[in-house]
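Two complexes follow with subunit A in common, the first pairing it with subunit B and the second with subunit C.
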Partner chain A sequence: MYDYSDIIVEEPVEPSPLCQILYSDEFKHLIGIAKALMRSNEHSERALEITEKVIEKVAAHYTIWSYRLSIVKGLENYSLDKELEWCGQIALNNPKNYQIWHYRSLIIELILERNGNFDLKQEYPILERMLDQDSKNYHVWSYRRWLVKRFNLFRDTDELKYTEKMLEEDVRNNSAWNHRFFVLFGDKKTLTNDHVQREISYVTSKVDIAPTNPSSWNYLKGIYTQLGLDITNLQPLATKYSDLGAVHSQYAFELLAEIFERQKLFDQAINIYALLEEKDSIRKRYWRWRSSRLNF
Partner chain B sequence: MFDPWVHVRYFLRCLGVLPSIYEAEESNKLALIYFCVCGLDLLNALDQLPEKVETIDWVYSHWVENDDYGGFRGSAIYRDTGPYDVPNLAATGFALQILVTLGDNLSRLDRNKARRFVARCQRPNGSFSPVVGFGEEDLRYCMLAMTISRLLGGTAVDSGRLFEYVRSTLAFDGGLSMSAGGESHAGLTYCGLAALKLAGRLDLREWQPTVDFLVQRQIHYGDFNKRELENEYADEDDNGAFNGRVNKYGDTCYAFWCLAALELLGKADLVDAAAVKRFLLEQTLSPTMGGFCKTNAPDELPDPLHSFLGVAALGIIGTPGIAPVDVTVVLRKDRVV
Partner chain C sequence: MAQRTLNYDKLQELFAASDQVDEFRIKEPASKTIESQMEVEMDILKIYEDILGQDKSQFPTLRSKSHSKYINAFLSRPLPAPFTALDASQPWIVYWLVNSKALLGEEIDPELSERVGYKILECVDAETGAIGGGSGQMAHLAATYAGLLALTVSKSYNAAAQLDRHKIYNWLLQMKQPDGSFIMHYNGEADTRAVYCAICVASLLDILDDKLAYKTIDWLASCQTYEGGFSGYPGDEAHGGYTFCAVAALSMLRSPTELPSVIDLDNLISWTVQRQYNVEGGLSGRTNKLVDGCYSHWAGGLTPLLEIATGQRDLLNRIQLQNYILCCCQDEPAGLRDKPSTRADFYHTNYVLCGLSMTQHYQEYKDGTYTGHRIADPSITDILDVNQVRSLDPIYGVPNGMASQMIALYRA
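Up next is the complex of A and B:
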């Protein structure tokens, strides 16, 4: 605990005609001290402690982070590694707080600026703990994507293995699929045909595990459209899962219709859209529209 | 049948005195008020709102400016914090939406300073930061920047760079995401499309895969995909609902984001309006408290955001008792001319 007794706390909040919140004395005291410290831009250990309390109390506070950054930069002996550790603790306690991840990236930039290098290994334990808690946490995956880009981890073996592990646990984890797509295709500079072919086999094996899972079909089609490949090559797979008498999938039917359209087999495409209209009835107007848009 | 009055009472209750647990929402207060006031407006019940004049004055008290630009701060907790008392795009957007809903003509504003604030938030890559010079990249701020520009009646942003940025967030499955390479997300898809619509840069022909993505967000477990119910997120009661990302559960707010995004493209008629209406009325509407919950989980309580977006979604598809919605600035249709 630090001493704040020298700070004069003025009335920090005001009544409002709508949504009048009954502030506790504790809240008013905390905000009062924070405002006084921010006004004088005090760089001190006690100010650091106050920013933490404000972040815990008012998660959406939008300038407390730049104040904290300014303190961290201003305190000569304050360790940036310690600050990363603090970020991890705050993130674990506040899984929905997204400002923390942007802030974390700024601290890493600061470490790079000071030391010239940064040991990436220290990032993985916290990311794994966060994604163990919520395997689709949007902000954590965004941060992980930032790391891939910042440290050039495109097609990095460990990064790919991690997404494989996540997809083994849940083949429908669309966030993991998306991350994998970014790691593989986010930078095409050193992408080889071998990478692409191996990936097509990988995703095909995942389609076989769950043929009605939209994530793997989207991913497969994504590879084809992003790399400009010919979707008619997917005809065997699409045909395999468009047999009403066996395991089938609406995504296979849709893909098959698109392949027929490419092959100018319009009657066959129209028949498939009619089937989709009947079976995926919630989207019947959509399938009818798709059918009417066929490019004869 | 949709009973507007139970929701009017809900919004009025949220606008009243709130216990100290709401302290955590202090920085979002303008958003809370916008949801409730605009919700009342959509329910044709703005006449029930007390203290309109005081509210307008109170909103204006959030204005903060320097020599160059000005906007609204999120709360009195930023006042007198020296270098940290700065305007924020979200607060500025919500403040203007409240003022316009309450019939204020914005004559007390320095519009040029507000326009410059928006322009100063734009980054070289076309995206917007939440405050000048600091903060994460997020498509939401593009939408807010353009909403503010529209309500101010003119813009100082670079719409060419805005367009490039929004396109850069397009994911491989047709949805937009937070930033380049991100996972497609229906809420962010709405934000990107609305920003472009307001910038006069939205053309359906460029967004075909995005229409597909949005239409596919409507949940349907039928003969075709019963196997999907083994997914831990899957729930047969979600039929008709919209989810925000592939393989996630149905959520009230995505009914709005998806319907509104499709409406921006002129394609809201491609989804099943009756099915989504059924989901909202039977699964997430709170008949006793009024308002809407986020999902149909049994332990949930309604909240202002989901209540407002639930009402607005019903407004888009046409529901007696709810006024039509302007899906670009998310206000009652006749509020902005």
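Up next is the complex of A and C:
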């Protein structure tokens, strides 16, 4: 513990009584020192320590995160790798937090600025641990998306393999599907025909595993829209899972209706929508509306 | 009494159809998603079964008095130490509480209004003029949004008049990014929440201009994902909260009727209606995620905007969402919650009530303003007075009409 005895903590003159938080004395002390040091813009080891203590208690304290960033920038000898490691610990204890991952990206920018390079591999263990805790953590996937863009990992084999591993574990992990889509299409570059075909077979195989999984159907339709492909090519697959006598899925029915619409087979589309009204009755009015929009 | 029959009958329909859901799903490989989904469904089906086993007259109604008591308790005494976790979200606490109170039809008396004003002004960051998460904290877009809404709902016009709009305008310009997005604060993250908060703040303070709005529509449109919903940042996953932020912001920058010219509206509608689940009746925030009462607002709250955009009402099933709210989201002894396995909190209390309001009202859009109309059709939703909450402005998340009073104050 550093010496803070010279710090004069300012107390608010008359704090507003509405929704006043009854802070512990310890927190009052910590935040008081942190704010005092922030006012004098002190960049020191002890300032760094106090921000750490506040953030450990209130990870959403964005003002203190911002102050910490300026301290880290000011302390040129402070190890940025150590900072990333500390960040990881805070992240593990605070899975739903808006500050940590953005802060992490700023530290990496700082490393790049100072060293000219950054070894991406060191990021994977913490991401792995976070997604082990919660495989759909929005902040973590968002950070991973940032990495893909920042380090140009579009169509990177390892990154694609990672999403395959995640989908192997849970084919309904929509975050993994979404990430895969970004890795393939996020930079708007065109894929080779061969690659497109392979991707379509990949997602089709996932539909076969779990035909009632909306994630894979959405992904499949997403590829078709993204690349401007003709959805009528999906008729065999949609038909396969629209058989009332066998395994069927509302997403297949919906796709089939869309295919009929495209083919101007409106009677057939209307029949499918009528079926959806009955089978997916919570969306009865929605399906009826879809049907009513068809022009003859 | 006739209407309680409607809720009951509709719940019975939902319950009867629930066994269809598992016909094929159970043959698919087990995974975390399926396991947790089935666990929640079982909890909820048990609740529905119990309710359907009782007389129709016993169907749950909104326990307004208990919820009011819960809210008023926290408005009249200090918050215990665990609330330290929300130290950087104090304007939010005030907004959630006063807005819930207003939705429940309670009046906010001049004394409370003054206390709200005092509290929010205490959070103002002197350097920028905007509002922070608490006294001595840096200005933050979400805190500024929540603080302004708290002033709006409690009609704290004296306090509102003390805000320095010129300074806030300059600060907003500093938060503005060249790509059209906004960052939350200095060194902060950019996302659709920040954009929504910025546009709401500028609009409430009547300082929204072309410079602030520059390229923002394009940036928001680039957040629409292949699934149809919107993400927090281009390339991220479609999510209820971010979708509301994006669509509400676009509706402010243009109008809901112009949505088809900037986004893929059909895909957005398709994604939105898929948020509603067949067994629960409630809404989830993302594909293959669990139902959560707060998405009654974030996803459900898109409904009025989509209805205006298409001219088609009831794209979402209002009565079944209402059943989920009434049967599953009311905690004991009070407050509203995410789902039966969770406890009530201020955030859920507010957004579940916002969602409930949507199930009871249609919104009419005329000359840039929204008017709420209580739904009188008993085949759509209940018309029981006991469940009634005030109609909600579909953009700002405060009762209809209050935002325009605030804007008028600054315009004067």
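Just so it is clear, the second predicted complex is superposed on the first by the 287 of 296 C-alpha atoms of A that agree within 3 Å, B and C clash if a C-alpha of one lies under 4 Å from a C-alpha of the other, contacts with A are read in each partner's own complex, and residues count from 1 in each chain.
The working rule: a contact is a pair of C-beta atoms (placed from the backbone, for glycine too) under 8 Å apart; a residue touches a chain by one contact, two chains touch by 3 or more.
Note that the structure is predicted; figures quoted are calculated from it, not measured.
Enquirer: With everything superposed onto subunit A, say whether subunit B and subunit C fit together or clash.
Expert: These partners clash in the superposed model.
Enquirer: Could you look at A:N41 and tell me whether it touches subunit B, subunit C, both or neither (first, second, both, neither)?
Expert: Only subunit B; A:N41 stays clear of subunit C.
Enquirer: Could you say whether A:V13 touches subunit B, subunit C, both of them, or neither, answering first, second, both or neither?
Expert: In the superposition, A:V13 contacts subunit B only.
Enquirer: Scan A:R129 for contacts with subunit B and subunit C and give back first, second, both or neither.
Expert: It touches nothing on subunit B or subunit C.
Enquirer: What is the contact status of A:K96 with respect to subunit B (first) and subunit C (second): first, second, both, or neither?
Expert: neither
Enquirer: Determine, under the contact definition given at the top, whether A:S281 touches first (subunit B), second (subunit C), both, or neither.
Expert: both
Enquirer: One more residue to check, A:E169. First (subunit B), second (subunit C), both or neither?
Expert: In the superposition, A:E169 touches subunit C alone.
Enquirer: In the superposed arrangement, which partner chain does A:T225 touch: subunit B (first), subunit C (second), both, or neither?
Expert: both
Enquirer: For subunit A, give the residues common to its interface with subunit B and its interface with subunit C.
Expert: 12, 16-24, 27, 31, 35, 57-58, 60-63, 65-66, 98-99, 102, 136, 138, 141-142, 145, 149, 170, 172-175, 178-179, 181-182, 186, 210-215, 218-219, 221-223, 225-226, 248-249, 279-286, 289
Enquirer: Which positions of subunit B touch subunit A when the two form their complex?
Expert: Contacts found on subunit B: 14-20, 22-29, 32-33, 36-37, 50-51, 54-55, 58, 61, 74-86, 88, 130-131, 134-136, 171-173, 178-179, 181-185, 215-216, 218, 220, 222-225, 227-228, 231-233, 239-240, 245-248, 269-272, 275.
Enquirer: Under the touch definition given earlier, write down the residues of subunit A that touch subunit B in their complex.
Expert: 10, 12-14, 16-24, 27, 31, 34-35, 38-41, 57-67, 98-99, 101-102, 136, 138, 141-142, 145, 149, 170, 172-175, 178-179, 181-182, 185-186, 210-215, 218-219, 221-223, 225-226, 248-250, 279-286, 289
Enquirer: Which bits of subunit A are touching subunit C when the two form their complex?
Expert: Against subunit C, the touching part of subunit A is residues 12, 15-24, 27, 31, 35, 57-58, 60-63, 65-66, 69, 98-99, 102, 106, 135-136, 138, 141-142, 145, 148-149, 169-175, 178-179, 181-182, 186, 209-215, 218-219, 221-223, 225-226, 247-249, 279-286, 289.
Enquirer: With touch defined as at the start, can you tell me which subunit C residues reach subunit A in the complex?
Expert: So the residues of subunit C in touch with subunit A come to 13-14, 17, 20, 24-25, 27-29, 31-34, 74-75, 78-81, 83-90, 93-94, 97, 115-116, 118-119, 122, 132-133, 135-138, 140, 184-189, 225-227, 232-233, 235-239, 269, 273-274, 276-278, 281, 286-289, 310, 312, 314-317, 320.
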